[in-house]
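Worksheet: the structure to be examined is printed underneath.
Labels run A, B and C following the written order; every chain starts at residue 1.
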């Protein structure tokens, strides 16, 4: 087997809270293979989003290594880091907050194409239209302002922006949590289609085990900044071993569609 | 409702707009109504107002037409006020954005420089600068900017500090955007509204500073200024007080008009923010 | 089953910048006293507008047609006393510069006519009822010192402080993670049973609502799509939209969307 796409080892990030330091991420290790979906699950405060920000170099770790596409990702700086970012993208939870409120749809997709020199100025409008169609949107949307399109459309635009630079890994930080259930399913389907066709790997961060069991290959369950357990997604969710894994499974709302019984304590 | 109609809903805004429109009309019409040199002698010296209808506001000690001087003075006041305010806002916004966005040592250095400028009274700074460099329109504008850019810089920095934590800035970094482009294309435009809200105060202060400099004889000697007119009238304050009162009233009205219109703009944008 | 409130032909129109948007169109339904009633819908369904209309919290400029009748009482219900309201974002409904004890005591003081010392005693017992750890310390704490789940517990304590007949929870658990959400739902269920309150549970999550409510009303684009007993709605939905909502739910036992062959492992 070749080396993994992403290998994280001993990742640690501490925060000063008053006079004591708290480890938001504490000695976390995991790896992602090309074309694979790894889910990070855990309650709020378990360090999921901090890991996302560490991977994207939005914040720096106190300890640990990140190896991405065979190179030391943490040693990159300046121009080299910015160029490398083309291969490692991110989609945020709130698609409205993730875009400049003054931007148009065309501009948010144009930016990565321009910055990474992917297409000439003349060619870019056609590329933008193609990317919009790629994520299931009409190319006419390009002229609209970001705040004029719906939440589901905005998240598709965020995905179009993320795939514009042909990345090998996209970090999805609660990317479907804010969406309506019907829209959520379509976005998940889109992500899976993209993965199948372009062999993109995902780091899928979510607190929703239902979504994770539907789309992830493997899962890492975090608790208080540490890895509680990890393994095949459906195996772990089907029979969790850690206390936090059991609590997450127990707390997930369950829809019993065959039973004629109502809520347990119905009078 | 259009922004203009919303703006014209408050009485302050209407009053301010009327004054400013009149002022701009005066400034633009000055070369039309009074084509010659306003500093040329037009008639007998010290003619009181409303005596000779060819010289409605009378003449000064040298027999120059006061109305012509008033019109041409409006040009200077507006030019200096607007240019100085625009320059102060641009400098302040750039310094504030760099300090707030870069943080660390850059922020420290830029903010200490801002402190230094802010601890010296702006007028003294302007006075010293003009005295050393010599009076001309450009120098007067630069002198006023020296004391006026610090306010916009602080407001811009505070705004940038909150904006740079937002997701869309992280998003810009993720796609590999250069930090300078993030600072000036993503962050700065979103930080501008509260900075621009300062503009009316800065324009008004700049007009007053220019008048004060001219009053002290440090204005551009080749231009008529209201401050210079007041200084001229001072020598004959007892016998011909109108020579000081007329430009003085013009100055007060102008500053008032700028303030009122500025308030109206702030009110209008505040309403729009509440709606969205 | 005695009805607590009856809604007939309710139409709510928001006016903004000269244009009008109908948020609810000709809605009629009854809520029985003591039942747990869920209002389900996606964004733009009008579910929150219905909750606000029932609580009398719609903005002044809103145009309201139709009737909301409260049965078995001679006066219009008063928000805070007769209706407790829990919002999605507890940080927005709690005053950031007022101690938690004071915020709850104020409700008891205003609506129950208790003295301040009685009100504080009531606040403490309410914090115990919503199972906030260390209620004595919590009385003096400020909202920013609490976690999201703890803040929502405080918001619930304030909502039930005056002993309302009706508790409205508008997406009260949507901002919380799954574990805390389950705890808050259990707490609401427990409090409603103990006090004999009627519960109006507004949510986008049909599975969550099904665990809590006895009856479910499904809304879409401002209209009531379907109304029925939970078991019947879940097992045999009559409307295609309800079925689509149920199908869209991704439970732990749902069919994987993923083709395992896609993995490179």
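Methods note: contacts are C-beta pairs under 8 Å (C-beta built on N, C-alpha and C of every residue); 3 or more make two chains touch, one makes a residue touch a chain.
Since the structure is predicted, the reported quantities are computational estimates derived from the model, not experimental observations.
Chain centres here are means of the Cα atoms, and by that rule the chain farthest away from chain A is B.
Chain A has its Cα centroid nearest to the centroid of all protein Cα atoms in the structure. Inter-chain spacing, taken between the CA centroids of chain A and chain C, is 30 Å.
Chain A and chain B, compared by their mean Cα positions, are separated by 50 Å.
Spacing of chain B relative to chain C, judged by their CA centroids, is 54 angstrom.
Shared interface positions of chain A, i.e. residues touching 2 or more other chains, are not present.
Considering their complex, residues 166-168, 170-178, 186, 189-190 of chain B touch chain A.
Across the complex, chain C is touched by residues 33-37, 43-45, 151, 180-185, 188-189, 192, 195-196, 199, 207-211, 213-217, 234, 237-238, 247-263, 265-266 of chain A. Interface residues of chain C facing chain A in the complex, by the touch rule stated above, are 36, 42-43, 147-148, 176-183, 189, 193, 204-208, 210-214, 229-231, 234-235, 244-246, 248-260, 262-265. Interface residues of chain A, counted against chain B in their complex, comprise 53, 56-58, 81-83, 85-86, 89-90, 92, 94, 97-102, 111-112, 115-116, 161, 165.
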